[in-house]
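Some structures are shown below for you to check.
Okay, so chain A shows up in both of these, paired with chain B first and chain C after.
So, the complex of A and B:
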């Protein structure tokens, strides 16, 4: 058993820009289900609370917040920022920052191009791919 | 004789451990006493080491995404509980293809291709920026933008705004079409 004090409750994001939390759109509320593909070419901040199956591609900028309780099964989620508090099965790719909160449960492949922040308590099974090139002065 | 010898050895052996145990006990106080003096030294060594670790741990500075301290960092601003009264939005710029089922009111500002359903007594709205193709099924349906396909307002109001463009099939309980609405659809009224 892990004797460390485990923060099971959600904590504040450290890496994920706090301003996004107030401006994001709840696309999928609790107990809603969605099956399909989502795409956007604009800078959009999306929050998922329900059950989602499919792809999410935010081509330009954008952020995806997978809230606590959300269950996402995906081929690929790609966005600038990804903040995981829920459960993800599949591949996630953050072009800027990837944050995995204490309640995050990820099975699959994680890729990040600049920063990764994993809180204690996050459960990750799978592959983590670091950025292959050194990007400097990039935000 | 042998037994007495054994007992004699045993007692002698027993006598030996007895002093050993106090010896251990004595040694442990000495060790406890001893650390008191070195403990300070260890603490004095440890404290700077502890103090030294936070200084490189000034993570907020090293993070490449500086955040304003004045801003509340709580995620509680937008509560995790999406109340039944709240509306969920498919924002402008978002394209969704597939099926969705909502327990709340839905507002479509983006582009949706597929099937959207909602729980009873909920309203699905296609806003003026929104484009919809496929089938909508909800108690109330309001179209302000463009809709193409099956629109089913089960027992409720199907409403078309003055700038709406609609094609397909409409099933309604009550109907409202504003002046200027471009509605070209087959219609069926549900029995009240």
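So, the complex of A and C:
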């Protein structure tokens, strides 16, 4: 099911681009369950409301919105922007911005390459991988 | 600065940020435990100054490499410098700000994981873990296990800096390989 209606969020995102919330596709509605991996090579903005198990790899740009009430179990979710309002067990990697809302519950690891924002109330049990820095041939 | 160098125990367990450095190319590691207020003071010093942040980043690479290549022990000046620079490296990070604003404390475990590549570059992956494993500094074995886990994650993540280097043929120097190269 795809929908363009404005999603209901408890708190407005501060980092996740507002325009994406207006245009994202709901690929997993509330109360639905899905298992399997997902990948896309084009810019895609997806929203999960149900229970998802698998990997999501958005290779070129793209965003993932794990909505309030969604439960995701994953080896890896990777996209430019990731907005978590639900529950994640596993590793999530945002190439640009990662935002955890007050209802976010993450057990595993988060990785961000540019920006990270956690609202009061968000919980992480695990680790935070910050951006790497590289120094060229200083030996 | 309240600190303990490789002594394995923190004198202020309730107010402690544990700072670690680990070089995957030599197996060298360093650890210090500091009061969280000192880590926050270091962050304040660098706040708003890109030049200081850049200096902290660059010098952290250089000093970690120097300590690792010399396998500096805990009391050696090179190890002390490396850990001070690691502290500043962590202090300038966005993770520290986020953790502080979210949890009101920067207690926990902060790792600067050093990668060395065959073409001479060094890369630092900063990682934070909260107090779920306790306040005390990790043992060397625990630290090695943590470093190995992060290394494997970075290798298996297609968009990590490590993976990008590997894709262009810039191999990672690993402790066992380096030892064997030295021995050959």
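The working rule: the second predicted complex is superposed on the first by the 124 of 139 C-alpha atoms of A that agree within 3 Å, B and C clash if a C-alpha of one lies under 4 Å from a C-alpha of the other, contacts with A are read in each partner's own complex, and residues count from 1 in each chain.
Operating definition for what follows: contacts are C-beta pairs under 8 Å (C-beta built on N, C-alpha and C of every residue); 3 or more make two chains touch, one makes a residue touch a chain.
Note that the structure is a prediction, hence the values are computed from the model and not measured.
Trainee: Let's test your reading of the overlay: on chain A, do chain B and chain C clash or fit side by side?
Mentor: fit
Trainee: Is A:124 contacted by the first partner chain B, the second partner chain C, both or neither?
Mentor: second
Trainee: Where does A:47 make contact in the superposed view: on chain B (first), on chain C (second), on both, or on neither?
Mentor: first
Trainee: In the overlaid three-chain picture, which partner chain does A:15 touch, first (chain B) or second (chain C), both, or neither?
Mentor: first
Trainee: On the A-aligned overlay, A:28 touches which partner chain: chain B = first, chain C = second, or both, or neither?
Mentor: Touch status of A:28: first partner only.
Trainee: Who does A:115 touch here: chain B (first), chain C (second), both, or neither?
Mentor: The answer is both, since A:115 touches chain B and chain C.
Trainee: Examine A:71 and indicate which partner it touches, taking first as chain B and second as chain C; both and neither are also allowed.
Mentor: neither
Trainee: Would you sort A:93 into first (chain B), second (chain C), both or neither based on which partner it touches?
Mentor: A:93 sits against chain C, while chain B stays out of touch.
Trainee: How many Å separate the nearest C-alpha atoms of chain B and chain C in the overlaid structures?
Mentor: For chain B and chain C in the superposition, the minimum C-alpha gap reads 9 Å.
Trainee: Do any residues of chain A touch both chain B and chain C, and if so, which are they?
Mentor: In the superposed arrangement, which is not itself an observed complex, chain A uses residues 115, 138-139 for both chain B and chain C.
Trainee: Which stretch or stretches of chain C touch chain A in the complex?
Mentor: It comes out as residues 57-58, 61-62, 65, 93-95, 98-99, 101-102, 119-130, 132, 150, 153, 156-162.
Trainee: Using the touch rule from the top, collect the residues of chain A that touch chain C in their complex.
Mentor: That would be residues 57, 76, 78, 91, 93, 95, 109, 111-113, 115-120, 122, 124-139 of chain A.
Trainee: List the residues on chain A that touch chain B in their complex, please.
Mentor: On the chain A side, the touching residues are 10, 12-15, 17-19, 21-22, 24-42, 44, 46-47, 49, 54, 67-69, 96-97, 114-115, 138-139.
Trainee: Which bits of chain B are touching chain A when the two form their complex?
Mentor: So the residues of chain B touching chain A come out as 59, 63-65, 67-68, 71-75, 77-78, 80-82, 86, 88-104, 110, 114.
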